[in-house]
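Would you mind keeping the following structure in view while I ask a few things?
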Amino acid sequence: MIMRDYPSSFQLFFILKGSVIPKIYGKIIGVAVLSIAVLLVDQLLWELPHVSIGAMGIFGVALSLFLGFRNNAAYDRWWEARKLWGNMIADIRNLGRSLTIFMPDSTKHREILSLAVAFAHLHRGFLRGVDASDAVTPWIGADLAKSLSARKNPANAALNELSQKIKDDQSLSGFGQLKIAELLLSLGASQAGCERIVTTPLPYVYSLLVRRTTYLYCGLLPFALIESTGWFAPFFSAVVAYVFFGLQAVTNELELPFRHVQNGLALDAMCRTIEISVCETLDLDPPADWAVVDHVLT
Amino acid sequence: MIMRDYPSSFQLFFILKGSVIPKIYGKIIGVAVLSIAVLLVDQLLWELPHVSIGAMGIFGVALSLFLGFRNNAAYDRWWEARKLWGNMIADIRNLGRSLTIFMPDSTKHREILSLAVAFAHLHRGFLRGVDASDAVTPWIGADLAKSLSARKNPANAALNELSQKIKDDQSLSGFGQLKIAELLLSLGASQAGCERIVTTPLPYVYSLLVRRTTYLYCGLLPFALIESTGWFAPFFSAVVAYVFFGLQAVTNELELPFRHVQNGLALDAMCRTIEISVCETLDLDPPADWAVVDHVLT
Amino acid sequence: MIMRDYPSSFQLFFILKGSVIPKIYGKIIGVAVLSIAVLLVDQLLWELPHVSIGAMGIFGVALSLFLGFRNNAAYDRWWEARKLWGNMIADIRNLGRSLTIFMPDSTKHREILSLAVAFAHLHRGFLRGVDASDAVTPWIGADLAKSLSARKNPANAALNELSQKIKDDQSLSGFGQLKIAELLLSLGASQAGCERIVTTPLPYVYSLLVRRTTYLYCGLLPFALIESTGWFAPFFSAVVAYVFFGLQAVTNELELPFRHVQNGLALDAMCRTIEISVCETLDLDPPADWAVVDHVLT
Amino acid sequence: MIMRDYPSSFQLFFILKGSVIPKIYGKIIGVAVLSIAVLLVDQLLWELPHVSIGAMGIFGVALSLFLGFRNNAAYDRWWEARKLWGNMIADIRNLGRSLTIFMPDSTKHREILSLAVAFAHLHRGFLRGVDASDAVTPWIGADLAKSLSARKNPANAALNELSQKIKDDQSLSGFGQLKIAELLLSLGASQAGCERIVTTPLPYVYSLLVRRTTYLYCGLLPFALIESTGWFAPFFSAVVAYVFFGLQAVTNELELPFRHVQNGLALDAMCRTIEISVCETLDLDPPADWAVVDHVLT
Amino acid sequence: MIMRDYPSSFQLFFILKGSVIPKIYGKIIGVAVLSIAVLLVDQLLWELPHVSIGAMGIFGVALSLFLGFRNNAAYDRWWEARKLWGNMIADIRNLGRSLTIFMPDSTKHREILSLAVAFAHLHRGFLRGVDASDAVTPWIGADLAKSLSARKNPANAALNELSQKIKDDQSLSGFGQLKIAELLLSLGASQAGCERIVTTPLPYVYSLLVRRTTYLYCGLLPFALIESTGWFAPFFSAVVAYVFFGLQAVTNELELPFRHVQNGLALDAMCRTIEISVCETLDLDPPADWAVVDHVLT
């Protein structure tokens, strides 16, 4: 996730970090070059068939419909993913508070909360496709870390382990069991929600429709601009290509919000937030906040 | 569901699997041919009445309104269906955890969770209109599978059977009964949600309005393009037909998300995910993930 | 509710059942006739003031804004209404399961579930403004049916009666009381939700604004089409009138989703679904599914 | 709230009650007069600078964006407010049912439900800024009515009083306390939701932006219509002014849905619905429905 | 938050407080000056390349798409933030009522509710990045205020402290523990929701795309207006710049709703509402409402 102040009006045009331009400059240049070629041929060699700007307008409304829909859907996924992680942060903090209220035997609090931290890291590992063992081991020891990681769904296994711990405690009243079970179940629901997002991309057919339509649009545009913008055409084509290819590139990133990309969610930082909260609940020294490196929070 | 990486810019135009083109190429060609005919008659025989591109723009805004609405509504159905199945996955996992916490007599866990797996398969069978007996039998035996399948609503009958099992267990405390009953009730709510989607299509009148409007639009378009795009007209008509008929075809698939089509939900794979989770909870050997065949996950 | 397969491309233009055309053909013809008149006067008698198609475009965007908003709002009401009924189906099934788990004295199950079926029918009667006594009597007897129907809000009275039954049962534990009370309360919430939809139409002022604007638009359109579509104008006007009046007519039906109209919700069929579920829970012979008659499910 | 049947096509243009025209006719006439003046000056005195209709189109898209957003946001507030009141109706009915189930000492039911009715009236009074003492006194007596009204937040004080009553009852089991407390808490949440809507208008800056933009748009329009609509211009201007100022006036009313205006919510009628439900629960004679006076339900 | 009546039509154009103009007048003037320069050069020196207004229309639709999306997303954040604070107000009031019902030892009520008030202030301090000690000390004393403020997340620490208080009370039944724990957990969830909003801005790439596109649009507009609006061009450019830069400036403020800006949420006033409710619950003299100063409620 990019963390950066709003640039001044001047800086605005020179920022690359966090911009989508490095990903699409090839396409922008391609469209501009095509536009120049069309102009030159039309002026110097023979007249090309023109497309009226009104016809492009019809096409543009349809393209906006597609891009707008896909953008909304992708952003909703991104924001829902963030909400699910926010729920997990709240649930783990609330787990600490529920232990305080309902489990008199405070020696077990640390063990249980450590397992909850491990759950968060294992879940992050699963979502990003990375190995989270190093982050997990300090909390639950190498043996358990290894045995959990060996499961097909390590985060789910961590929650199962947690329920075993709850069951074994004799000091919990029925009310305490009920409340703490509810928090585990809520963690399970958030986890399944994230899995839903990661295993179910937007229907593939949309991506094809949108991408193909964008290419066709930007390929036809130079023929429409001959008349309506004259020698502005290459610049104008490039701007429109920037707008449409740019929106599409953004959407691709937000659609799968857990990946390790610039606009992905800051899962490392959120796991650290969980660690800090757990440490403060257990009266341990909390670690430092996860650092923003080169404007990026991972 | 299509599972496929983003194609390169070059490949993009040659992908058919997952594309909507095989379903609508007839219409695209039809519109292009009409456009050529209109052009030829207009140029060679007698001048046809032209429609100004501005008038088509007015029409196009209305059509976009319809298509956009229908697309959003269909996508919402598809995504809600996916959420409901995600809830069922989470609820069945959570059922396992609740049994761990609340039901000391662990000999019954397997029986109960097997019945939950059977519920998922029977529900899938109901939604897709297929026979799920083969998938159910290994979990609950042929007799019970048969008697459940004989009911009008087998998945509902499986949940009723589950509640019978809960009732019969003497080791459950009242709190355990409460929590586990809540999970059954949540499964019942998700099941009813899926039934709602499958039995209530989008109002039929929308389909008529949208389809008729699309046909009229694409039929009038060639008359509008004579002037504004010249010899580009057939190509342009085909592109616009691709865009509008394509969106409509996508929408038709997403509207009924449980069907066995390319962009339908991967119910088989989700039932397998449930089986894996249940096996891991019961310390059994989990089966392999459901395989993607030819880019399609069923 | 219309239940019908997608028509072929050819059939599409000849379907009347489920179409909005029988409701608006007068207006479509009116607009076409006006357009012919304008054309004839303009060509044969004296030149009429023209409206540029661009000006109509501005107007059209505003009209689309109105129609789009109203359509979304009406569809949301329709779909929310369907969700509330879906919740009631799930709650009544879940009531059966909760009785299994929590009420050992199974002799009362039938009485309680019959009352729940009666609730559904009385609620349907209230929403549609019809007398549901005939449907209710077989379940709860003529006397109770009569006394409930005499109340101002019979469905609410049925729920009150249900809570009396719960109170009178001595075999229910506190947990059972809690869970079953929650289901009654959830039924009460769904019922109040339906009442909200039925007693609170969309703000009247929207209907006026939208209808007046549509009339003005279709009245001005022929003056704009003289220039831009020539002799296509009557046809074009008729198509646009079909689109805008059609969308408005659809919206009127969806706005009040409980009425006995073609696109209203299938309350009869849903009450039957409830009856089937209750019969299967009580091991009684379930009745047949509610039949689709002439493509309409009531 | 306006309660009125759909008018016939003829009546449609002569309805004033429920229409927005009485509030904006000054502006409509102003725009029409300006348009006539512009036309006359342009034709008779000297040519005015024209604005192309295309430029107005760009402006119009932006204005539609603003008006559409503000309209959606205002309608959402109106509908959420209605939902919150619907929840309160359901909660008070459910309170009656919960008392039946959980509080054997039925002598207190009346006292508690009367206090709930008083809560609804005091809440209505707070939201509308009116004195609700007259409506409250018959239910809870003059003394308590007075002491509650003296608080800064009388409705909240009524809920506090209710919780005192619950606490004092010895016949309630813990389960009963829990369930009834949840209903009180739900009433408190709905009340706070209504307060949120009433104390947090839409950001003021939107109102300025939208209103200013509408004025500028309608002021520039006559210059654009000289060319594109000729002598239709005054009529056309008036229609567009009707559309845009009309939508804005509607939005102003819906934004604060509790006020005593034509399109405000029918709080009086909903309080009466609550009274009827409580009377029927207590087997008292229910009062008549709140009457629609001159098509308005308050 | 701006609290101000709707201005009259005349005042409307002279209001600065609450308007976005003071923030963007530089840009508006810049665009107007550019437009004058373009006009003069084009008329007096040499003809500049024109951009057709139709081409700008295509661009304008794309820009509207971006601005509309970003505006909706920012407003949703603002409104969700307000809902979360509304939930906290309701939860703290409900905490008071739950103490009444479930905690017979009323001597502790004050202590617990004071801590809840402190939680609200500390949370406000965290969100706004200000020191809330002065507001907290009168409620919980200087020592506790200091020790809480020393934590990394003081509001979370206050909730942990609250759960300690609940645990220590012997007079609470299990039901009371359960209900009150749920309220604490709900406060924790709202707090985490606010943290989510404050730590996760809208994806940075959107801000870049939107701002760059707006600049490009307003920079190209004067070339398009030469033809289509003539000497109106500078005025027209300024108006369009006002609309687009204005919407963008509004969006920037709503995106981070907790900041101490004109359109930020009135956190001070909401904390005061909580104080008043707590005082009224404890029968203490409530403080005055937070005052609106110069039309601004902080």
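Read from first to last, the chains carry the letters A, B, C, D and E; within each, the first residue is number 1.
Just so we're on the same page, a contact is a pair of C-beta atoms (placed from the backbone, for glycine too) under 8 Å apart; a residue touches a chain by one contact, two chains touch by 3 or more.
Listed by chain with UniProt protein names: A, B, C, D, E = Bestrophin.
All values derive from a computational prediction rather than experimental measurement.
The angle of the rotation carrying chain A onto chain E, fitted on C-alpha atoms and rounded to the nearest 5, is 70°. Averaged Cα coordinates give chain D a centre that lies 24 Å from the centre of chain E.
Centre-to-centre separation between chain B and chain D, using Cα means, comes to 38 Å. Across the assembly, chain B contributes residues 54, 57, 61, 174-175, 178 that each touch 2 or more other chains. Beginning with chain D and continuing to chain E, the ring of touching chains reads D, E, A, B, C. In the complex of the two chains, the chain C residues touching chain B come out as 1-4, 6, 9, 12-13, 15, 18-20, 53-54, 56-57, 60-61, 64, 67-68, 71-72, 75, 78, 82-83, 86-87, 89-90, 93-94, 96-98, 100-102, 173-176, 178-179, 183, 224-225, 227-232, 236, 239-240, 242-244, 246-247, 250, 253-254, 262-263, 265-266, 276-277, 280-281, 286.
On chain B, the positions that touch chain C within their shared complex are 27, 49-52, 54-55, 57-59, 61-63, 65-66, 69, 73, 151-153, 156-157, 159-160, 163-164, 166-167, 174-175, 177-178, 181-182, 184-185, 188-189, 191-193, 195-196, 200-201, 203-209, 211-213, 215-216, 220, 223, 252.
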